[in-house]
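In structure tokens below, several structures.
Next come two complexes built around chain A: one with chain B, the other with chain C.
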Partner chain A sequence: MTRMPGPLRFAAVRHGLVVIVLAAAVAGYTQIAGSFADFQLAQIAIYVMAIAGLTVLTGLNGQVSLGHGALMAIGGYSAALVMQHDPNGHLPLAVVLVIATAATAVAGGIIGVAAARLRGPYLAGATLALAVGIPQLAVARQFAHTLGGEQGLTVRSPQAPSFLGSSFSLEHWLSWICAAGALVVLFLLSNLVTSRYGRTFRAVRDDEIAAALAGIHVARTQVLAFVVSAASAGLGGALLGVVTSLVAPAGFTLVLSIALLTGIVLGGLGSIVGAVWGSILVVYVPQWSTDLAHSLSFSTVMGSYFAVAFYGLVLIVVMLVFPSGLQGGIVRLWGMAASRVRRG
Partner chain B sequence: MGSTTSKVLRSVAVVAAFGMLAAACGSSSPSGSSTGSSSTTSGGSGGGGTPTASAPGITANSITIGSHQPLTGPAAPGYSEIAPAANALFQYVNSKGGVHGRQIKYTYEDDAYNPSQTTTVVRKLVLQDNVFAIFNGLGTPTHSAVEAFLNSEKVPDLFVASGCICWDQPSKYPYTSGWQTDYIREGKILGQYIKQSLSGKKVGYVYQNDDFGQDGIKGLDYEIPASDVVTKQPYDVTNINVGPQVAALQAKGAQVVALYTIPAFTALVLLQAAKIGYHPTWVVSSVGSDPPTLSGLLTKFSSGKAGGSLLTGMVTGTYLPALNDTSNPWIALFKKIHDQYIPTLPWDGNVLYGESVGYTFVRLMDQAGVNPTRDSVIKTLHSADLGGPGIVPFAFSSGSNAGFTGEQIAVNKDGSTLVPQGSVYTTDDSSSAPSVSNYTQPQPPSNLNS
Partner chain C sequence: MTKSTPIDVRECHYRRMPVLAASEVTVRFGGLTALNRVSLTADTGEVVGVIGPNGAGKTTLFNVICGFVRPTSGRLEVDGRPLPRVHPHQLVSLGIARTLQGVGLWQGMTVLDNVMVGAHRRHRSGFWSALLGLPPSVRTESAIRDSAVEVLDRLGIRDAANHRPASLPYAIQKRASIARALVAEPRMLLLDEPASGLSAAEMDELGELIRELRSTMGVMLVEHHMDLVMTVCDRIVVLDFGAVIATGTPDQVRDDPAVTAAYLGQEVGQADAGPVTGGEPEGQA
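Take a look at the complex of A and B:
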């Protein structure tokens, strides 16, 4: 690679520039888009946080986790409980989010330590049990009172700061907060991936014995990967609670964990940029398929089933055409186009 | 400076420029958003005059309302018929010219009884589809997730399909109103029946572990002496195994069991009890006692081995006339609409519920005047005479957003039809006993859209 000028040599600076550009794009888009589009952008940002963390864990470190929905639940419930103990809203939202992220990181560390001995399908099975079991803790008789049971806990919506004007809608403000969270996560994770830790993750994924012989502490690396991905999922879950003003077991089902896995595979395993494509697909395709069902004049019940079937069809087609995910497909197409330009 | 770098920088510059351009050119008010304020210039509920676009979701010739309904999922059996039934009534009214010349457009979305899905579909209906009001949103846990949002957006949240007392908070959530008899009032009336007609027997409860079930047993406890209650068994909709609860009821020797259950779980409990040879007297909330729905579920869950015979003797409450009372003019009219617009749906309590609440909405919009606004409709709710097929009056007033004020006991005599018996009672949410009502049901108007 030819030498880059000055500060662009550093990965952190390059990533920072991309983040700034994306922030400007988000600000521009939310300015012209309506409130529901802002809400959808917030949802995409939330999925980006969880999917980016999961792609680092699964794609880069080789640990398949079916339980990231449970980690999002831990983040969401932590934020809700902190807000419940602060009824007058003295704590700024940023502090609540940091606490929720930290709590989920700790949970991720505990799970990572427990899972460090497990590989492949056994790890998948253990995380699957977490995905099903942890949200149900809220419903268990001992905890139903503090955790709100099936109905869940309501989460206060943050107010937009007054300098933005009174016509600045809540959805607009929430989309900015979630986009900021997603960009922070993308920045930190892409720095991590291009650093020594990223190389350590990949080494452990590719050949544990060779990595151990090279002096890498395998278990510590795997726990670190779990902590990092849990922290991003926790932040995503906390913001999910803030955006929907509710944390309830029904919002963190196994379907959510599967959707996150779908996102990382569709986007491109191990690719941070792929996490963005995956999130867009996971949020928009169900919406498009529902709209398609409506425009085809299906009855509402038939429409719900059609939407799910169409979503599955889209997943199959994307996987057939782009086996290494959308990002892999884009890189391949870009390479083909570039080589054609160079030849022609 | 290499070509790769210049390419990278060029693309960065292009994207940044686009972002800045979009921000600069964008209008300050996002398109398609609803900040909740009505755009009318003429203000209040106009008496005469031509219909205009007086509020979001209202045009000169249409009113658009939205709802979230469990069309799929654990609450779908029975409840998925309610919105099509209300829609059938709206289509009938539309065929007669609509309300003040406006056609009613009813968009209901599936939330699969999942509160997170409810938040998404309701935001879409309010922010993107710009509905005038959310009508008959179904479910206690589901609607709780959107009550605060709808009130902060100042969208009328009319006639929630749930008996939770949480819809009756006029100072905190003025835009939200109930319709059916709330669970505390119903619990008191069912409890009073148990105390008077089944006195001295041991009573057990099975209830859904949320505000629906908890409000119900609160009402029951106001009337049934605490010493008679031997056990209270909660359940969650995500866990269809009710074996432990039914076993506990039998173990404690409960001779009367009060069920605050949705239809699927009423059927599951009945089947489980039949399996272990346990036959108490069942006293069931109106939301989970409709005979056609239950016999269908019993047959389906038991693969044909059991059916409506398990329902004989079931006690419940009702605030609408009996389904088979064809001499009642409301039943005759609603059955005619059912046969014309939704003949494939069974003629059952859910369809009667849907058409009845649909009528209440039509009546409200008619009373709200030619050019209603979101705020004027809420004001009209508190003062209008809404008539309708109810056998008890509504509680709507400046101090209350609650719906029907009472019920009459009805018994499932032969396994398939509910027969009302005894007096009609009205009451409130306090601990005072229900009292006999002397309300007479009004006749339907000759022209249904007024």
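Take a look at the complex of A and C:
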């Protein structure tokens, strides 16, 4: 075991440095790219939060959740409701986001208590019910008045601070906010999973009996993983509302939950860096498929079928080439290259 | 969490209770009596072996001690204090660590990570500190790592630290599982079939290790390999059909006719006939 020199010994310092580099890259990228790239960046950042949270729960703690789209909905609606109760916009956006995150964390805790009693397919089934059921609450007659029914609730957009200049667009500012949120989540989750909590999560995933004998309270650990995971998804959901200025049931469908699950598997189960790869793929591949369909000048109907088929094909190829996800593949390739260099 | 009241050390010298005591423990699964009024004690500084034919209730006994199985009647005491309800995760904080049959390591983690989890109990820091990567968490991490590396060193498997268990020889995996239990610094170590799957030489090494451990803790082991049990144990408890049929030093147990009968089998009529025929199987043993 080699120890790294100076402050790099500390995991938090390493994670912080990576985050700073990423922040600089994001800031630089948004300067040269257009406003559509801003929107895509915001989308990727939102997926990063939810997927990083889900990879901690499913990849590291072994609890499958098909319901993370519902947790994003809870975050989004919480933010919208807080803003409704603050019509003059006294609360800074950061406070609204913290409240939405905390509300989703509480919801995650409640779901987690139930989830800690369920295993494998039963847990998947229960969370699937959440994914389908929770967004539909907004349509239910009892809640339609408060939650806006099918139309949903509007979310106020923040204003870019004036010191950034008048040419600094709102899209730009929104993508920066989302990127900042994603980087905070990445930083915090990276710290957590490299600490004793991360090891505890994995121990419970691999063997609950051995974990209990090592002094781990298994159910409490599972609930904690759910809370952490829900908080990340909640922040992502709140920012999704902010970026689209709207929260509505149609924005949090089962397809969203499945996309999140696709993201953790593509990126590499349990890897925080993998969550970033997964998010990029989940956002860009459908985009590329549509572009490709356009460039092949199919008819509209054929084109949409083609896009879906191409997306599926990419997923299959990625999983065949990198069975342990993109991050797993990168780590393996890196290891092979490093050993080749060492041998000379 | 359990609260510990301060113990007067001087008092401990002459009035100390054994670390672990089971009295009259009975376990019934439906109509089957897995343990029938089993009483035993185990203390620091001694190696207690629990032996018996297959199905005698050895592992059930361990499971009762660990809280996986609730006894139908009878009670357990730790340091002379009754334990009304043990939960498995509370065991290490009572100073009791256990290894599982097979290896029971977490396969998705390196050996070092496995052992580090074992050390968690000794070094705690808060959730927020871990989330933010604050100094208390950093200090805890390095303390956990140091104690894990120290135990790996002591058991001579430091080279295995960064490997996944499945990529290592079985004997190393077994050692790693003992390391994970030892790093919690238990006063009582329960070993469930530690020698299964080991070669004769590896078993000798294991025997040496267990004798060494005796200086700092008590060891209780369930084991099938008689050579190992006879050489390492100070005291042996023999179970048969869930009941204790003999207790004593290895020599006493070896010469006990009831034990030989349990192991080699004996017709019901002969067993009832008592010591006259009881001596007979000795020749066969």
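FYI, the second predicted complex is superposed on the first by the 344 of 344 C-alpha atoms of A that agree within 3 Å, B and C clash if a C-alpha of one lies under 4 Å from a C-alpha of the other, contacts with A are read in each partner's own complex, and residues count from 1 in each chain.
One rule holds for everything that comes next: a residue touches a chain if its C-beta (ideal position, glycine included) is under 8 Å from a C-beta of that chain, and two chains touch if they have at least 3 such contacts.
Everything numeric in this text was worked out from a predicted model, so none of it was measured.
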If chain A is used to align the two complexes, do chain B and chain C fit next to each other or clash?
-> fit
Please determine whether it is chain B or chain C that touches the greater number of chain A residues.
-> B
Which partner does A:Ser195 contact after superposing on A: first (chain B), second (chain C), both, neither?
-> second
Which of the two partners, first being chain B and second being chain C, lies in contact with A:Gly234: first, second, both, or neither?
-> neither
Using the superposition on chain A described above, determine whether A:Gly278 touches chain B (first), chain C (second), both, or neither.
-> neither
Examine A:Leu213 and indicate which partner it touches, taking first as chain B and second as chain C; both and neither are also allowed.
-> second
In the superposed arrangement, does A:Gly76 touch chain B (first), chain C (second), both or neither?
-> neither
Once the shared chain is lined up, is A:Ala203 touching chain B (first), chain C (second), both, or neither of them?
-> second
Roughly what angle, nearest 10 degrees, sits at the C-alpha centre of chain A between those of chain B and chain C?
-> 150
Please work out whether A:Ala248 is in contact with chain B alone, chain C alone, both, or neither, and reply first, second, both or neither.
-> first
Counting only touches as set out at the top, which of chain B and chain C does A:Phe10 meet: first, second, both, neither?
-> second
Using only C-alpha atoms, work out how near chain B sits to chain C after the chain A superposition, in angstrom.
-> 16
Which parts of chain A are in contact with chain B and also with chain C?
-> 1
Sites on chain B touched by chain A in the complex | 1-5, 8, 12, 15-16, 18-23, 25-35, 69, 71-72, 80, 83, 108-110, 112-116, 119-120, 123-124, 127-128, 140-141, 144-145, 148-149, 152, 208-211, 234, 236-238
Which of the residues in chain A end up touching chain B in this complex?
-> 1-5, 8, 14, 17-18, 20-21, 24-25, 27-36, 38-39, 43, 136, 139, 141, 144, 149-152, 154, 157, 167, 169-172, 244-246, 248-251, 253, 300-301, 303-305
In the complex, go through chain C and note every residue touching chain A.
-> 66, 68, 87-93, 97-98, 100, 104-109, 112-114, 116-118, 120-121, 123, 125, 127, 130-134, 137-138, 140-141, 144, 149, 161-162, 180-181, 184
For the chain A and chain C complex, residues of the former touching the latter | 1, 10-13, 15-16, 188, 191-192, 194-197, 199-200, 202-203, 205-207, 209-218, 224
